[in-house]
Each structure stands twice: as C-alpha cells, then as structure tokens.
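Presented below are the structures under discussion, each in the form of structure tokens.
Heads up, the next two complexes both have subunit A, just with different partners, subunit B and then subunit C.
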Partner chain A sequence: MTSGPAGKVAKSVSLSCPSCGAPIDLRGYFHTVNVACAHCGAILDARTPTLTILQKFEKQTSIQPAIPLGSRGKLNGIDFEVIGYQLRQIVSDGVAYQWSEYLLFNPFQGYRYLTEYRGHWNFGRTLNALPAMQMGLRRTASVGAQVYRHFQTANAQTVYVLGEFPWQVRVGDEVSAADYVAAPFLLSSETTADEVVWSTAVYTDGRALWQAFQLPGSPPPVSGVYENQPSPYKGKVGSVWKTYFLLLIALIVAAIVLPTMINRNQKVFDRDYVFNGHPNGDSSFVTQPFELDGRTSSVEIKTITNLDNDWAYFHYALINQDTGHAFDFGREVSKFSDEGSKEDRVIVPSVASGKYYLRIEPEMDTNSPTLRFGRSLRYEVIVTRDPPVYWFFLVAFFLLLIPPIYVTIQAMKFEGARWAESDYGSGGSA
Partner chain B sequence: MSSHPLFTLYGVLLLGAASIADYSGWSLSRINEVKNVPKSVRDNPGVYRSVYGMSPHYSGGK
Partner chain C sequence: MSERVSNCPGCGAPIKFLWSSAIQTTCEFCKSILVRTDVDLEKVGQVADLPPDASPIQIGTEGVHRNRPFTVIGRIVYEYQQGYWNEWHLIFNDGTSGWLSDAQLDYAVSYLWQPPSPLPPASNCNRQASFQWNGATYQVTVITTAHYVGVQGELPFKYWDKSDCLFVDLRTTDARFATIDYTETPPILFVGEAIDFADLHLKNLRQFDGWTQ
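Moving on to the complex of A and B:
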C-alpha cells in the first residue's frame, strides 16, 4: 500500500480463520493484537501463529461498513488503509444510538480513526498527553490553548467488530465515554477499570472522505446537528450586527441631513376658525387661496383644536383654483381623557405647484359639550409645503433589523440543536 | 461591511427608498383625487360634495 522511506511497498500477511477457514489478511503486521473474521465474526488472537479463537458468536447480521476494509486513501497528505471496523452504541432512555468507528493504519505513521454518526464524520487520533481538566458547573478540558466544553458522558458498548485491532477487542466491551467539544474539534476519553484513553478528532466532510478513498456513490446523508459540527453561522452574528450598526448610523445621518437638504418645509397658510354648529345649515366654507410652488411634493395639513372629551370631523378638499384638480379627504379629531389628540396631521402626497384653496366643512354632534352654553369649537388650520416625513426612515429602521435578527435566531437554533443532544440539553442527564 | 454584501446592498436600497419616499412625499393617508371641480365652489362651497360626506364619521370616544 504505502511507500516507506526506502521506497518499499508494504504488503499484508494472509492467514486462515481457525473457526471457518476463511482467508484473513493481516494489514497491521506485528501491531495487530486481535482480528475479527469478516466471514464468521470470530475474534482471533493475532499474536499466536495459529490465530487462537478468543471469542466466537453467532453473527446475527452481516454489517457492511460504508468504507470497506482494505480501502486506501490519503488524508492530510498521509496514505491510510482501513483495517478495522467497530459498531458501537450508547443507550439513553431505552433508545440505542449507534455509530461506526473505522481504524486506519499507516505502517510509518501509526493509527488514526474515522467515526461516523448520521452522516457526520470525524477524523481523529489518540492523544499522548493528558488534558488539563477544569471542574465546575460545566466541566472543561484543555489541550494546549484549545478549551473544550464537556458535552456528554455515557457508557459505550461495542456491538460489532470487523478486521484487526492493536488492542484486545470483544463484542460486548464497555467503556465510559466522555466527549468535550470545541467545534470543529472533539476531545474524547474512554475509561475502563484499567486505563483512560484520550483522543482528539476534527469534523470532516464525508464527501472529502469519499474522494480520498475513491469510493463509489456518495457518503451517507447528513442528518441533524452533530456535537462538534462547525456552525455555518460562526462569526456571522457579530459581523452582521456590525454591518447593521454601520447601516443604522448611515440611516440616522440620512434622516437628519436629507430632510434639511431636500424638504422646503414652508408654511404657506395658517388661519384660526371658530365653529358654533350649524344644525340645519351648511357649515362648509373656503379659505383664501395660497401658493404651492416648487417641484411636485407633499403638503401637510395640520388641524389644531380646543377639543376636550369631544370629537369633531373635518371634510377637507385641497382644490387647485386654476385646474379644478382636488384632493379630497376627511379627518376625525377626538380627544378624550386618556386617548386621542386635539391635533391632527395629514400628508397629501404629490401635489403639483399652483394656486390652491381649501374647502373645509367641520361637523360635530349638535349635543356636543364643546358647543353647549354658547361655547364653540376653535381650531387652527396650518398648511405646510414639502414637510419632512420621517416615518419612511422609521420603517427602514425596522426593516433593517430583519437580517441580523434572522441570522442571530438561526445561529441560536443551530447551537440549541447541538446542545439538545448533550447532558445539558432538555433531554440531558446533567 | 463587505462580509455581508447582500445585507449591505439591502440596507443601501432601504436607505435609498426612504430618501426617495421623503423626496417624493409618499403618504399612506386615504386621499381621493377629484378632477374638474367647478370654479363655482369658491363662491358656493355647499355645492361641492365631499367623497366622505355620506359616510358615518364618529368612530372614537366613550
């Protein structure tokens, strides 16, 4: 398979299974301690010349690993051959969660591991040093500068083995497995009565593995969020809010500066009126004409009344004296103790220049308290040409919030899905 | 800002739309346009019939 320093090609050793007679290739040479026969499942002692049977059991099913034993591929620039396969599981709340572990071997580089759970792959190796542990509300472990957060501790059981292993392996082996995460990295410990084995792994794209091992088809489809899966939103939440604040500053500056530059905000008419009520007559009247000049733009008509616990309605028509083109609208002004306002403001859009007048027709209830005992409604009508209108900028402010809020929620949902499967999630045990 | 070009573009478009809306004087108010109002309205305002003249007006209060 692999060219060594001297350019020699390493070859496997062929033997026969003492249980069923099937041929067995030993690819791990003198490193191999146990080998599981691919045909009958018997676990054999590779250190004895006759391959003594260590464990023999009736194989219930024959599992075909997604990456077949003997597959060769280059990972991180190193050639590896798949020599062993384990199916392992943890049982939580009566549900068995199974994952695959592949043992990779290079005669000059040693062993590596590939694990796969629901299409999520990790490429790892054992650790030669102990991590620094920090106990607390949530445990952490450090390897160098990298800090890992405790994710889950559970009993893992081996339920199926295939190929060869540099350690004693049996179906039914059980270890206490703890995972610590710092996506895309994973730190794991496997504890038995005799030893603790630490390993690190990095989340790996299944398609890259299929390409590396030149496997036909495509890798198993990815399902769910895995414990050390890199978040697609990592780093985006902060930067999207930074972009938002820059745009917000631009929006505020525009809202302050633009109206002073583009809006004339010119008062063209201002008159006070009195309404005494006309129970049987016509209350309509017209104002003196006023000039609306400049470009086609909006006109604000403001009505200020002395209403108190009462209402009034105003029929308005802004009429072009020369063309007869009119803008017709009605406005209700109501002011009661804790609601409403004595004032009303309306924007008439896109009014061409010209000479205009207002037709005004106030209306009130004849029993209105404002009109009782000889009192009257007093109101002021103010017409302003091309006033600044800020609500567009207010709407833009809220619309501008949509992308950063969306990204933030998606990032939170991703992390929520990740930690939901941990000991600290809703279904966790910690 | 370059790390989110689509968001930046979206923000610039919003800013532009708000500026254009302000410049043009857009409004959501219910305004009816009426053509050819007779000149006699100036002398006799009662002949003009408001679009809202026949609808009930009072909607607030206690």
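Moving on to the complex of A and C:
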C-alpha cells in the first residue's frame, strides 16, 4: 500500500535505561506510556525523551517470560508482537496464586492479551460493550447471547513488570478482578477507582501458541482444571445418553420379538391336583408322561396354588422315562397377606428331548391353617418346553447403563474440579 | 461559500477545502488556524507542533462505516493520563460529517446528535448516571479530563485554544458508544459505536516499519 500525503513511516526506537544503562527497544511506538527495563526492572516514563525513572528496585528478581518480549506470532490471522509482561497474583488464605499476562501489539489492530496459569492459556481483548448483569444467588453477566457465570472476585496485584504498556503501570498496582465463565470463554472485569475495564478471552492450547510464535521446546505443562477450560466431556454426556436410549429401545424390541422367533414356548403338560395332607404317609406321585421336543433347551415348571396365609413345599423330579435321568428340585410356595405369591415358576436348563414325567411330593405343616380347618391345597402344574428367557435382556439393560453413567460421573467430576477453585467451591481461593 | 480554493492569510500558501461545509482548517505550511468568513479566511491562531503519535490513521485515510464511504479530513488531538488520542473528522460521500476516535488503537465512530432532553451539567454527571436514548440505556463508564493539544485540517466548527476538556464516555450492552463533550456550553453529545479496526476497511494508512497491515 502507499503512504498518504502526510505519511511518515513510523520506526521503533532504541534508547538506554537511565538507571542501569541497558538498551531499551520501544516496540509500541508513541502509544507506550511506561516501559520496564528488562535488565534492572526500573519502570520508566516512555513519553519523556530521557526516560524518567518512575519506579526503581533495590533487588530485582529476574523472571524470564515463557514467551520472550519481541516474539511475533499470527493469532486469528493477525500478526502480534509481545511487548509487555506482568506477573500478577491474588493472595488467598496466605497462599499467593500467580499468573502471567503478556501484552500483544499490532500497530493497526491494537492490543490483545495472553494469560497463562499452570499451563492454561487465554487469548483476550478488551470489550467494547457493557455486559448485562443479573444479580441473584449466582451472579451472571451476559454479552450478546452468551451468558457467563460468576466464578471469582479477588484483588489482583502486580508483582513484576517487564517491557512496554500503553498505560501507567507500577509494581504493587492493585485492582479488584472478577471472572465470569462460559467455557471456553472467559469474561473479566478489572475495577479501579476511576474505571471498570471489561475483557473477554478464549481458552487457547499452549501448543498452538508455541507454533504461532515459533518458540523452541514445548509450553509449560498443564496442571489442574482451569476456570474456563472446555470440558472434554462437554456434549458427550448428552450423546452417550442418547445412544443409551436408542440401544434401550432396540433391546426392548429384541426382548419382544426375539423370543417369539427363537423359543418354542410350547405348553406340554397342565394338570390340577388336590392335597389334603398325609399325616403318616408318602404323598408322592408321578404324572402322565409328556414329550419334550426339539433341541436341548430349558423347561419351565409353573406351580399355581390356592394358598392363603399359608405355605407348602413341593419336591419335584423331572425324570426321563427312557434313561431314568432325573432333575431334582424343591420349591417352596408361601403367601402371607402381602408377602410371597401363590405362584412359583422355575426353569430347568438344558433338558434334552425325550419322554419325561414328573414326580411330585407336596408337603405342608400339619398345623397349617389350610389343613387344620379342613380345607384342601389345590394346585395346578404347568410344564412349558423352551419358554422365553429374559435374564439376558436384564443383564444387557444394566451393562448398557455403564457407559452413560461413567461419562456422566466423569463430566460431573470435571465441573466439580472447575468450580472447586471458585468463590462457590469448598476449596475457594477468594 | 462556493470558493473551494483560497490563500492562507498568514503565508499566502494555497488552502484547498475538501469539504464545502468546513468552518475551520489549518495551513499545512505555517500551521495557522484559519476560519472561514463570508468573504475570506481569517487567521485566528497558531497550532503548536503536534506531538509525535502512532495512529495508523492520517489525513486522507479512507474507510467505510455502515456501508458509507468516508475520508479523513481533519482531527483534534487531546492528551490524557494514558497518552494522546485523536478525534479524526470524517466526511462521508453524502456530505455529512462524523468522527473516528482512536484512543490507544481503540476505535469508535460517532456522530453529533441532538439529545431529546438537555444534558445534565458536568457536576451532575457521575459514574452512576445513565441515559435512555434511542431505546438503549447508556451508562457512564469513564469521566476523562483531557488537555487540548492541537488541531489539523478541516473541522465542522471553530475549535482552538481549549485548555482542560471534560469528556464523559458512555456505553451500552450492545457496544453502542456516546461521549458528552463539556468543552461547549451547553454540552454537546456524540453517539455511535465502538468498532473493530478490520470493520473500518481503511485505506491510505500510515506505514509502520516491519509491519504490514
């Protein structure tokens, strides 16, 4: 592009620190108000030709920012140069939590910020609109359609300064800083006596920054969960439950359809019996034989009684007429007011085909109300070949629940870790 | 006021007006502040050298605001605690004028606007104040005491030799912006919006060594 009629090409300036003599490069042109000497830390007035000393330190702890001053990188398609660095902190319960703030500059686009705390990076800029505040139990602030939840309010103190700033900056500066989160976005306010400055930021991957600024090595390791760090489970909770419900519907359909296709469910025997008690004798008897057809499969024996506030015990044997092979089992049927059932159902698994009969031996307490009052135990025995089996579907139902419950718990744990550091968490640091 | 070219009464240099409604301009050569009268140009003052600044905008910069092309034809320079800021005077291709403020590369476009009711005196305009204009709530965000530094180029009114200037900035929740200028009596109001550099589509900008726009 061509320069205009009054166009003078602006150049960066090199000066020397009046406190220690170290060279000072001014990268922010005439916007720069204060510059902190990289060598001795003295804060200088960049608007005076001699760089008047504004603040000076006896003992300077030298901090090397992870992204050096003068680094240039393209962020969101715009070139930015790192021109300033601040180490800031909040103190909570005597513990200082420190984070880094980098000031980025482009002579056309203006200023942006990068912040870093324990490997968590945010790329931000000042906000031109006023957020709409909603007070209440949990404060929120809205910018456009985006609603941010209040996270923390604390006093932020500047503890170390390096490079240039287009505003007055001193070590010891203190502001009231409030953060509102809507991961991956962050809304922050800094309140001084004169002004409230709002800014928005987006959570940014450190590796992407290292690539953008072409820095050697790797970014500081990430530790903990940060206030606006996007949850790795975001969106997954909904989708895993959606998948679960789809599978559940498939399972229910399968439970209805599959048994009719696979199981013979054939009633092969059905008889009514009466038992009046045999005080001194053997009550056992055998039934007429019945045919169990088809592949080796289960057999259901159902006992339906007229028990009322009483119990009975049935010794059963399912006996192969040809081989004499017997399946022995006992069933107790009891019905007392609301407890128990008049009916009993038992499955005998893996019964080969053949001719079978049942040996049945009912048994009751001689003092049982049924027998004492001269009534009879009436019962019906129904044998069904290859009945439908549902336990498999029940197991599948519980197995299907594992992934959605696991993801839901992990997502809740992540949010718990996020909010634990807020003003609303048990480990709140403000 | 049909005369578009005159001579500077201070140094005789030709003075060319880009905007027919300009009331005031400065001579590029002798830095005289010139005010248009019915017949001629009157020298009313002298601009001190403007401080070095680093605004990418200059007289002659062109841009677009809400689909209306504009040209920068003048400016007022102020100094405040955080440095200098420029109020660039814009002339749109429909002949109207507006302002592009550049404070530390924060940009806002605004227009002179007549409020429906008189503005409160400066003493009543504090940080808690808010105003209902055009269906939006404008809240006072910052009160700035600035120093007039100088003028350059064509302006829509007479403006020179100011000293302390009180400005009240207001914002809305939808990025609208307003400034009450208490250098005039009664105070005057500019309303507009904060705007991103990229959205101004600026051309003919200053150059910065080692940077491309």
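As a convention for this text, the second predicted complex is superposed on the first by the 302 of 430 C-alpha atoms of A that agree within 3 Å, B and C clash if a C-alpha of one lies under 4 Å from a C-alpha of the other, contacts with A are read in each partner's own complex, and residues count from 1 in each chain.
Note that in this section contacts are C-beta pairs under 8 Å (C-beta built on N, C-alpha and C of every residue); 3 or more make two chains touch, one makes a residue touch a chain.
What you see is a predicted model; the values in this text were computed from it and never measured.
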item	value
Chain touching more of subunit A, residue-wise (subunit B, subunit C)	B
First (subunit B), second (subunit C), both or neither touched by A:R138	neither
Touching partner for A:K413 - first (subunit B), second (subunit C), both, neither	neither
First, second, both or neither for A:E195, with subunit B first and subunit C second	second
Subunit B versus subunit C as contact partner of A:P107, first or second or both or neither	second
Contacts of A:N128 with subunit B and subunit C, given as first, second, both or neither	second
Those residues of subunit A which subunit B touches in one complex and subunit C touches in the other	none
Interfacial residue positions of subunit A with respect to subunit C in the complex	1-12, 28-31, 33, 47, 79, 106-111, 126, 128-132, 142-144, 166-168, 194-196
Touch list for subunit B against partner subunit A, complex	1, 3-4, 7-8, 10-12, 14-15, 17-19, 21-27, 29-39, 41-42, 45-46, 48, 50-53, 55, 57-62
Of subunit C, residues touching subunit A in the complex	51-54, 56, 58-61, 81-84, 104-108, 139, 141-143, 171-177, 193-195, 197-198, 203-213
Complex interface listing, subunit A residues touching subunit B	236, 239-240, 243-244, 246-247, 250-251, 254-255, 258-259, 262-263, 282, 284-286, 297-299, 310-311, 313, 315, 317, 319, 321, 324-330, 332, 334, 336, 339-340, 346-351, 357, 359, 361, 363, 365, 386, 388-390, 392-393, 395-396, 399-400, 403-404
